[in-house]
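Worksheet: one structure, shown below.
Labels run A, B, C and D following the written order; every chain starts at residue 1.
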Amino acid sequence: ENIGVSMALFDDNFLTVLRNGMQDYAKTKDGLNLQVEDAQNDVSKQLSQIQNFIAQGVDAIVVNPVDTDATPKMTQLATAAGIPLVYVNRMPGDKELPAKVSFVGSNEVNSGTLQMKEVCRILGGKGEIVVLMGELSNQAARQRTQDIEDVIATDECKGIKILDKQTGNWQRTLGTDLVTNWISAGLKPNAIVSNNDEMAIGAIQALKASGISTKDVLVAGIDATQDALAAMKAGDLRVTVFQNAAAQGSGAIDTALKLAKGETVESMVWVPFELVTPENMDKYMAKN
Amino acid sequence: MISPVTMRAVRTAGAIPNSEFLLEVEGVRKAFPGVVALDDVSFRLKRGSVHALMGENGAGKSTLMKIIAGVYSPDSGSFKLRGNEIELNSPLDALENGIAMIHQELNLMPFMTVAENIWIRREPKNAFGFVDHRALRDKTEELFDRLNIRIDPEINVGELSVANRQMVEIAKAVSYESDVLIMDEPTSALTEREVEHLFQIIRALKAEGKGIVYITHKMNELFEIADEVSVFRDGRYIGTHKADDVTRDDIIHMMVGREITQMFPKEDVPIGDVVLSVRDMTLKGVFHDISFDVRAGEILGLAGLVGSGRSNVAEALFGVTPATSGEISINGRTVDIRTPAIAMRNGMAFLTEDRKDTGCFLVLDILENMQMAVLRDKYVSRGFVAQAEVERECEQMREALRIKTPDLNERIENLSGGNQQKVLIGRWLLTRPRILILDEPTRGIDVGAKAEIHRLISKLASDGVAVIMISSEMPEVLGMSDRIMVMHEGRVTGFLDRAEASQVKIMELAAQ
Amino acid sequence: MEQVTQPAQRLERPQRRRKLPSEVNIFLVLIGIALIFEILGWIVTGQSFLFNRQRLLVMILQVSVIGIISVGVTQVIITGGIDLSSGSVVGLTAMIAASLAQTSDFARAVYPALTDMPVLVPILAGLAAGTVAGLINGSLIAYTGIPPFIATLGMMVAARGVAKWYTRGQPVSMLSDNYATIGSGIWPVVIFLVVALIFHIALRYTRYGKFTYAIGANMQAARVSGINVGRHLIKVYAIAGLLSGLAGVVLSARAISGQAGMGVAYELDAIAAAVIGGTSLSGGVGRITGTVIGTIILGVMTSGFTFLRIDAYYQEIVKGIIIVAAVVADQYRQRKRRKA
Amino acid sequence: MEQVTQPAQRLERPQRRRKLPSEVNIFLVLIGIALIFEILGWIVTGQSFLFNRQRLLVMILQVSVIGIISVGVTQVIITGGIDLSSGSVVGLTAMIAASLAQTSDFARAVYPALTDMPVLVPILAGLAAGTVAGLINGSLIAYTGIPPFIATLGMMVAARGVAKWYTRGQPVSMLSDNYATIGSGIWPVVIFLVVALIFHIALRYTRYGKFTYAIGANMQAARVSGINVGRHLIKVYAIAGLLSGLAGVVLSARAISGQAGMGVAYELDAIAAAVIGGTSLSGGVGRITGTVIGTIILGVMTSGFTFLRIDAYYQEIVKGIIIVAAVVADQYRQRKRRKA
């Protein structure tokens, strides 16, 4: 079988783990040929890649959508060509997925919620935080930020106040710069909540450079990357959220194969988020 | 075949066989797409002599010199320097073998100082290997003193007038102390004073035993400075003579293959009403209180030394750099000329002095270059250009001006300088102006074409066009003008009628 | 004194050269690239690359948005300028157009009162927004005299900001079927080619075109020739903006969604297409036909990579090499012909 | 012919204008921007913007990587060229340098055999990789005659591809403490300023500098003056590549991690810094001092926005406007002075 895969972005650490998960899993299957393309965060490129796959006559397509609101068009293209389609990691915006189209992934609403609830618990429901946001035109950034705000709106976390939120475009050095700028502006947050681990690590570096202990300022990220877990081991990062990239990857390939063989599968295959704290971190050490 | 490196070694060692000729070129051929620029051309340059090169525009003079200076490589032909066969692969090779050239088109770096321009690649260094700016300045001043040039070495070249840039080019070429010095129309931007000054420099170099190739279209210069003269026509070598053995007419005949009877065919035409009237026009710091009238059918010559502000006055008249105060009226109506577009609407046309900077669209073809100005208000309907019509007009203009080109779709870049100038004249003639301002209209134009352009100007005047002609060539001003306005340092110093005007009187007013 | 006896020679040499338009070169490069893929295709996959209608369509389809921008950018480059803002303007106009093309059965519409509008409304809104951006670029360049690079860089940053601010980063979806039609099937290709044809004619046969070339060839000379350079530049940049707006409309219709991140780095592809097609960044030289070919080269490359299943890691490396090689080959052929 | 006897007159106007360096203007613009933030700071937050050592440091720190690139880019632009590849080369060299700076206690090192190397090894590897990229750019431009835009665009795409391919997209982390030092504290700022100083001197006081300006001002003139234009261009692009390599090293040391996506779009910021600082894209004009000021303007802006807690959505809009306004103000002052 030939499966065409269109990834939203190659340069993203998490998506790289996901991609590798798919490729590693594909190697265990005889006669399976994966063709992975990089959409470079461009909806139009992604659409074109799907159309190229269709012209190629692949047996199934796996899409990690750039823009979850643009998926109806992709669904339509694949359905019209009669080729099975599996969305992975980012939940498609379709009202309903037709037959031969599925989604494999985690519910993004959970990631920010798990993260913020833990932060709230550690802070005891009160304190001041700053938020490091991802790239603003990116859905995960908006969703995770929204989750944080939603948690703060609940009764048990009402005492928490957001001092400022700015975008670090997912990047470590921009995270460092932002936090340094905040510190120099006299902000004294109790916690820095970041939309991903990279910016969280940047925040830790900024704190250290400014002589502030990570014991006094809680830093939280999402993704449980290698660097993040190392930081957690060192006691600098206190909260992160594990999203099982490998499981999503292999799940997506499995689902695609089943669809290609004509089997029916559930339209939503969930792989849950898991909260990672210093207590349970060992079990995630070699995963992402 | 001796490599340039060996040559250099030999030369520095002083072990040069003392052959009679510095330079011998044999059977050179060079073709550009569609044009054979040089065909089996030979040329020899003697030590301690000035060898003039004459020929119509596009005859191939510059091309041959560029080959000698290592800019172009010839398709075939042999090349001897001081009796030794040699091959030049780059301008650097030529320079290191003692060949320096003043190019027809100025080749200076506008944002760098005069001193930096002259000594580029040869900057004096201090003990730490850094460029020594003080020494750079001193060396330049020394050079300028020797050549009797007065230009601030630390001013940016971009701020100099064309004439001064030309002087910088001359100084730069001299500074190489090379045996062979090629001058491609060095005086086209100079007035008599600087020309005389340049001749002094040339005589000194000649006395040092150097060989000078001198290209010009000005006959009088030829007889003043040249020892020998070679003539080219259509890429072919016609002949070489001692300057003393030939007459003006001989040379013209060799150049164009026919007689040219009258150089300044000024017709006497009835002078009409005042068309353009200028009162107290001032651009602060540049020119002051300029007042004059031009009548229909009249040719007003503008004379003055380099930098006297003639070009600035013309630019102000045409709205390129408008004056700060004063009044311009056309046909009795006061007009506020703020842009060239307004000037054109009032029937004006302006041929600028700097072909390259303000004239040619180098990368466009001849046709586009010629039609650009007229499209403002002719040959266009609903935005579309009536291409066939314009092309016909341009073709006629090409014939009238005898522009040498295989076809009008050639890039103007590939034309010889004189032919470029003709295209630009054509551009303005197409607009059928009532007031024509010409700034150095025959710069770089050969005798034959010059006569034609003069006839054309005359003809326009007789059709009732008011002409203002700036020229640094005395005979031209004297021959063509009905009246001459002389300027000095941004002020009008006097008017001379055709009858009373003479070179001496103009110089008196111009130098004050 | 030897006497020259022969009569004055004809100044004009008789042979009139047949000049091929310079696009022929880059067209040959395109054919070359396509043939290489065809041959490799038979070797590697045993399939034909070119004889596949669907693929031929996708090849152009996937670059038609770039192509539309590129037509505008070509004109800007011919004037000697540059437009870095096109990608961001695509993003902005995609948002604006999409926000006016939503259906009423969608609860989160940007303008709940303005749903189910006739399809012309979002289209015109997108075009207008693009034109305004272009007008701002042009006016800045004409009246303040700042370099086009800076004016359009400022617009690039600011327009992206406005696009994100417009719906606070939310994508705009649930667009009407009528609107989606513009971006479906062969439509984007048709729009691209029609736009290209219009401006091919405009550049070659109208005064607008002549003045555009003149300004790029020598701005100073253009001014002295009576061209109102400022006003003309504003026109050219406005048209470039308009076309970016059109690109934004087509893109959002194609994706049936408007997203603030749309069009990132499109300006580079558009400029690349123009330059590959022979437009000179120093101004005065360039043709729409060349740009179209340049655009198609980019498209053929993308499809060819997928077709040959070239590993995504190598694709970019190969793409970079092909861009350079295409221009080198073009230059080489041009030089050789000139020598001949 | 009458003889001219009087001595040659002074041909040039005698008055020697006292010229302020043109950077004074843009410096005043910088001061202006800083003062606006200072005043707004007191109004909005009741704090001083400028009198805060930490902020002053971070202002430059956050742009020092851009600044290092910009010094190289300035030289390229002075020759009349452009370098679009710097951002990608930063990504590539960051990966390469980082891969040689890993510690041995990390299980998944890129080169398990090459861990715990002396810190000079990754640094030199990064610099070498950057220089090679620059040499390729320069050679393409010098020998094939293709426009710098295309050569460096090709490199931009290809180098990013190589960066991704190098570790198949995996980030490279667990770098040694020695290596991390290069990017910590005030080091990046020091490196940036030393680099700027070196090339300020090189451009003003060495033949290398004179040739660079000469080529940009008039390439034909440079050639007939005997300058080997091709060879010099290769040097200039190689130096630009070297500095991008240095930037990659500093950036990866600062992040203590090498990632293929590093440096995206840095080339635009670097070019913007140079142009804001007065470097002309048409070549021949530009100074490192101006570039440094241009870079710092970008840094002040970023810090100012965070300081004033300007909503992220507005930041880009304001940034775009400030870039344009800075250059407009500079031009306006320059023109006024010229008239005076």
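In this text, contacts are C-beta pairs under 8 Å (C-beta built on N, C-alpha and C of every residue); 3 or more make two chains touch, one makes a residue touch a chain.
Only a predicted model underlies this, so the values are computations on that prediction, with no experimental measurement involved.
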B-D or A-D - the one linked by more C-beta pairs in contact: B-D
Gap in Å, rounded to a whole number, between the CA centres of chain D and chain A: 33
Whole-Å separation of chain centres (CA-atom averages), chain A against chain B: 70
Between chain B and chain D, centroid-to-centroid distance (C-alpha), Å: 42
Rounded Å distance, chain B centre to chain C centre (Cα mean): 42
Where chain A touches two or more other chains at once, by residue number: 10, 38, 136
Overlap residues in chain B, where contacts from two or more other chains coincide: none
Contacts with two or more other chains, residues of chain C listed in rising order: 164, 169, 280, 315
Complete list of chain pairs which touch one another: A-C, A-D, B-C, B-D, C-D
Residue numbers on chain A that touch chain C, as the complex places them: 4, 10, 33, 35-38, 41-45, 47-49, 51-56, 66-70, 72-73, 93, 135-139, 141-142
Footprint of chain A on chain C - complex, ascending: 52, 54-55, 58, 61-62, 65, 91, 163-164, 169-173, 180, 251, 254-257, 259-262, 264, 302-303, 306-307, 309, 311-312, 315
Parts of chain A lying in touch with chain D, wherever the complex brings them together: 10-13, 16, 19-20, 38, 133, 136, 164-167, 172-173, 176-178, 180-186, 201-202, 205, 209-210, 225-227, 230
Contact set on chain B toward chain D in their complex: 69, 71, 90-92, 95-96, 101, 103, 107-112, 116, 120-121, 123, 125, 129-131, 133, 148-152, 155, 160, 163-164, 167, 192-194, 196-197, 220, 224, 305-307, 503-504, 507, 511
Chain B contact footprint on chain D (complex, rising order): 1-4, 6-12, 16, 201, 205-207, 209-211, 213-214, 217-218, 220-228, 284-285
